[in-house]
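Handing you a structure now.
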Amino acid sequence: MNGRRALAIAGLAALLLVGCAARLLVGHAGPDGALTFGLPSETIAPLRVGAIASAAAAGMCLGLSGLLLQALLRNPLAAPFILGLSAGAGLATTIAAWFSGAIAAIGLAWLANSLAGTVGALAVLAIVAALGRRSGVLDPLTLILAGTVISTICGALTLLVQSLMPPSTRGDSWTWFMGQVPEIPDWPLVWVAVALVALCAVVATRLGDELDAASTTDDEATSLGVSLGRLRIVLFTGAGALAAASVALCGPIAFVGFVAPHLARGLMGSRHGALAVASPLAGAAILVWADALRQGIDFGAGRLPIGVLTALLGGPVFLSIMRRSRVRTGGWSC
Amino acid sequence: ESSTPDRHGTARTEQAPGGTRIASLSPGITATVVALGAQERLVGRTPWCQVPREVVVVGSLLDLDAERLVEARPSVVLVQPAVQGMPDSLRQLATDRGWRLEEFHLDSLSDVRAMVVALPSALCEGESDGELAQYEESSLRLLAAFDRALAPIEPASKLGRTLILLTSTESSDPLAFGTGTYLADALAAYTVENALRREGYPALSWESIVAIAPDTVVLLGRHADGASERLLRLVPSARRVPVDAPSLLQPGGGMIEGLSSLRAALVKAAQ
Amino acid sequence: MLTIREVSHFFGRRPALRRISCEVSSGQMVALVGRNGGGKTTLLRAVAGLTRPSEGRIEWRGIEMARISARVRARQVAYVAQNPGLSIDLSVREMVSLGAATRRREGGLDGLVQKVIEEIGLGALHDRPYHELSAGERQRCVVARALAQHEARGLLALDEPLSNLDPGETMRVVGILKARARDGALVVLAMHDLPLVDKVADQVLWLEGGELVANGTPASVFTPERLAQTFHCDFVRGPQGLSLGR
Amino acid sequence: MNGRRALAIAGLAALLLVGCAARLLVGHAGPDGALTFGLPSETIAPLRVGAIASAAAAGMCLGLSGLLLQALLRNPLAAPFILGLSAGAGLATTIAAWFSGAIAAIGLAWLANSLAGTVGALAVLAIVAALGRRSGVLDPLTLILAGTVISTICGALTLLVQSLMPPSTRGDSWTWFMGQVPEIPDWPLVWVAVALVALCAVVATRLGDELDAASTTDDEATSLGVSLGRLRIVLFTGAGALAAASVALCGPIAFVGFVAPHLARGLMGSRHGALAVASPLAGAAILVWADALRQGIDFGAGRLPIGVLTALLGGPVFLSIMRRSRVRTGGWSC
Amino acid sequence: MLTIREVSHFFGRRPALRRISCEVSSGQMVALVGRNGGGKTTLLRAVAGLTRPSEGRIEWRGIEMARISARVRARQVAYVAQNPGLSIDLSVREMVSLGAATRRREGGLDGLVQKVIEEIGLGALHDRPYHELSAGERQRCVVARALAQHEARGLLALDEPLSNLDPGETMRVVGILKARARDGALVVLAMHDLPLVDKVADQVLWLEGGELVANGTPASVFTPERLAQTFHCDFVRGPQGLSLGR
């Protein structure tokens, strides 16, 4: 790993840490809801830590998932939700919400929450994987087409279910689709997500050379020892599981997964071994900073939904970095 | 007309001769129409109006099913304008076909009351006084029911500063009812102090709920149980009042029951 | 030791290889020649294990090539494609490292990469993005990757590795490949420069319409009649070896 | 134009016509809302004609817009809304509505509706075009990045405005985002859309060779007489205006614009001259058929939103055609 | 009549062409030769009007090349790239038609396309998707496109159009280009096969590190010393013309 890469990773890590500190120190600790700055009280601290954990974990999941997918599909437009994962999770969550009464009655209330999303995302993953093959191997273009179609179908089914739901539950189930950063997260889920990120990042770092090799042509990659079929299944499963974890944690916050890999690439070049560390860091930094900043912004509707902030904050930053680094994305073939 | 043959050829009775035919594009208004006893005048509703099932769905304000609406031949269309405003097509249809378009905003409690007062004449314009009188009587009864459901609570001071939260999903920020909202108006009627001194429906982080440190929290919505648990951990001193009344989320004549259970719950908590 | 047994390959219904059989042994430089569309690339891809031929078997040291796992094969068989590509942004050094990465266990790879880059004459360009190279530089970069990947006594399958190279670089690359063959490697390469083949190849496989029409030493395969008949131009064998007539 | 192409175009046209007939004949002519089949009454006929006109016009816009964008970006993932047009239109519509009181007061009530959407879409178009340049020329990758970012920002701002609304009306306002097929369309808008489709289709047909040439490398395209800079501006403006028109007519129905060009390509190959006719036909056929079918489907909540039907109907059809035609998308580089 | 005046080109700060000046006249076959990275492609792209050089001017019939609109230029100047590509799915005939399309006004283009395809020897493949061609077939397809595009007395700028071609096809393509030159076209092509250049070129431009180090007839440019010094290999001039020594 050369100096520039190490520097970029250190920079992103520092950015993330400062973001965490900011999120820890900024808040509304006063009874008048005014903005305060300082160490939180004992009651408040766990809430802020919870939010930091959720945002960082989900951001890492998204950043890494996006990286894996862009490598898998060799397409700079790829993002975690292109394969229909958030749509699947949304559908499952909506269906679970619909039957929540019934589910609660049989003592499985937890099913209505994160688990449903995970199950939905993984189910969609399986369907897309089945459809995205050509002569037995996952094929980028076929995956893209299948993913987009299944994603849209799931979205449509969600609308369908929503339109059948009683109004009292319908109106508010939409808030799920804006994404959230829970201050009281499902801790086991956070740990699962972190473990998953760690696992996938380790695997991706170790597969770094294979991922680089896979960005040549199929023939060259194969001759360089990459079993494309196997690698694609690994990438697909990893990206899918990460996206599912992020959805279970924070709902769908699609933008981060698209931007983080490009941002990391703009900062440090294209080697996947290092990107597998930088991209999740970038994702986490974006999400934590967005969450920190939204504490201080209130247009009269309380905190903004996190998705609004990631876009309003991440978007311009991303564009300016991309313009400066004259998008060192060389051969992205479009 | 008094009856039209349906597709099985059997006659189906419709409402009284000359009676207005009502299409309602708002669940809250539909509920009010039903509460006034004018259910049989309803000829069109939205998918989300829960009563009565046999009335044809004519779409909703922003996704109108014009054909079914025309087929339903309403004489009055009742709408609650969305932020997006009123679609031109609906206005145009109404003008072309001579429907009366009645708009009701339903933000505050007085909006709701105003609608209850105004609806009877909207329901039967130019009709025999008999029907009108009947609806006006229902309307008065409804207003009285509102008054009962909104009677001051003694001793309200025991509830202290009260916060009304709507929890939507397990992890998203709960919405609070601030000044100008119908439930804040209800609190005022109960002479209970609203802990939230803001307008509208702000989304509150749990942190700001802790900072507000309410004495009582009314919990509405599907995930009230989870929220209640969190409150217990975060603001142990707060009284938790879960109210399971979906009608509270639909301002209109249908919320009497919900308001009654809210009041009952608060009264119980105040003891 | 590479054995090709009755290999046929079809694209849809169209045959690109028809019942090809031959043996080539290590330590040799074997040239695949023939007209465009003759099946050279198809055969090389099969030889490199990238496709399993529709019929027949290709055996490398007695094992069917397409059955060897990609990772194991990569250590013994290096391949240079006729149309290489790269969708991200790597430098020459990084590109060549992709080849060395297959031998990660051996260690000291940075040295190897550096050595190969120097050997192929890209030392001055080692930090350049691949996308900013000239065509001949790219070609050498890809060959360097194969050299870094290739282990002694392995198989080097190269599909027109000399295209876009200037005469000097051509001789350099040929020299390197010759040296590898001398060290025990099996070098199989497709090329069109028959005078050069005549000079450097130990064995020539001539493919025509998917059939192996000749197999032997350059001198035995490049008969004036066959050359004239196939290519409609006069090759003459003079003191300098084969060359194109006036 | 060879036989296969002519056949495919004729087939799509026939499909569209039969779809129109179906939409004209199927309905709920009874007062009890039961399904009927037959010529509509005089009162009803204009409504059905209106719906057919809306769906056909918007479908054509979407199909053609998608084709132009996929050519512009050389990316099979491109779809009309990738450039943020629907997001821009949605934002403008929402903002206009927010201020509708004020706007109505100054006698510009019409601004609150379709026009706002068009203005919003075109404004976003201008911003994306400004950001999507590299050394003065619209650059596919830069466009993609800028478009996605601006799109997300607009979406976020829309959420922001939505979050200021009372919860009881939030659910309703989402229905706009599902798309609709107005039975009483803004007729001038329909004519504008049809004229725009006609204009763009003629231009694209005439530019067919240039579009084909542009699918080679930049150098080759330029040497074949394509002024890439100019062509990209034409494609970009055309695709943008078409998408804006479709949004103004029917709200955002993204799927059609993605699927229609792939469908047309799967049926008839890749030549743009013919695709410029086939792709809008495919789009219109999908949308009209979806609208016709949803008349007959009622799960007790009235007609389904059009977006649900396009996905549930178009998705599987698309996937099966793609699988059969072994995706003749040759060189899509991913 | 092509005039190159003091042309320099920089990639960032790095010079790829340094103050090149020369004139070449129509009816000639001009070969660009030199070591890899010498600047041939850079010069050819500038000559074809695809880049405006950082400094200096390139004039075609007295008009600055990069100022001519792409459409007008396309009718007079055809270019074959060193790395052609195609992101959609076209057949050989469709690919070649892209060239003919620049001359749409002339009519009878189907005949022209057919003629060119036959001429280049792809008649049997005219319906094949470009992506299913072998490398040499693709190369010829792209050359055919340039031929269909090219008008008599125009400029044909070809960047290694002979790479991947077998000897027969090489001679065929060279023959076609020669004929075009004889008909009044200016053919400028980069190539590395010096014996062939020696046989067929009327004028040779030798680029070295971005500088024009020699310009003249093959016989005058290909001096044994320069060849040996540049390429470190022995070219000898025998009865068959230039050829590579032992």
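Worth pointing out:
Just so it is clear, A, B, C, D and E label the chains in written order, and each chain counts residues from 1 on its own.
The rule is simple: a contact is a pair of C-beta atoms (placed from the backbone, for glycine too) under 8 Å apart; a residue touches a chain by one contact, two chains touch by 3 or more.
This one's a predicted model, so the numbers in the text were calculated from it and none came from an experiment.
Each step here moves to a touching chain, and the least such steps from subunit B to subunit E number 2. Shared contacts of subunit B and subunit D, meaning chains that touch the two of them, come down to A.
Centre to centre, using the average C-alpha position, subunit B and subunit C are separated by 78 Å. One finds 44 Å separating the Cα centroids of subunit A and subunit C. Mean C-alpha position of subunit A lies 28 Å from that of subunit D. One finds 38 Å separating the Cα centroids of subunit A and subunit B. Of all residues in subunit C, those that touch two or more other chains are 83, 87.
Shown for subunit A are the residues in touch with two or more other chains, namely 74, 163-164, 167, 170-172, 178, 300-302, 305, 329, 332-333. Chain contacts: subunit B has residues 47-48, 166, 175, 200-201, 203, 249-250 touching two or more partner chains.
Interface note: chains touch in the pairs A-B, A-C, A-D, B-D, C-E, D-E. For subunit A in complex with subunit C, the residues that touch the partner chain are 74, 209-210, 212-213, 215-217, 219-220, 222-228, 265, 269-271, 328-333. Residues 27-34, 36, 43-44, 47-48, 50-51, 93-94, 97-98, 100, 110, 112-113, 161-169, 171-173, 175-176, 178, 180, 182-186, 298, 300-303, 305 of subunit D are the ones touching subunit B in the complex. Considering their complex, residues 73-78, 82, 131, 134, 140-142, 144-146, 148-150, 152-153, 155-157, 159-160, 163-164, 167-168, 170-171, 174, 178, 254-255, 258-259, 262, 299-302, 304-305, 307-312, 315-316, 318-319, 322, 326-327, 329, 332-334 of subunit D touch subunit A. Per the touch definition, subunit C reaches subunit E in the complex via residues 11, 33-38, 41, 82-83, 132-137, 140, 159-160, 163-172, 192-196, 199, 227, 230-233, 235-236, 238-241, 243-246.
Residue ranges of subunit C in contact with subunit A, taken from their complex: 45, 48-50, 69-71, 73-75, 77-79, 81, 83-90, 94, 97-99, 101-102, 104, 129-131, 142, 145, 149.
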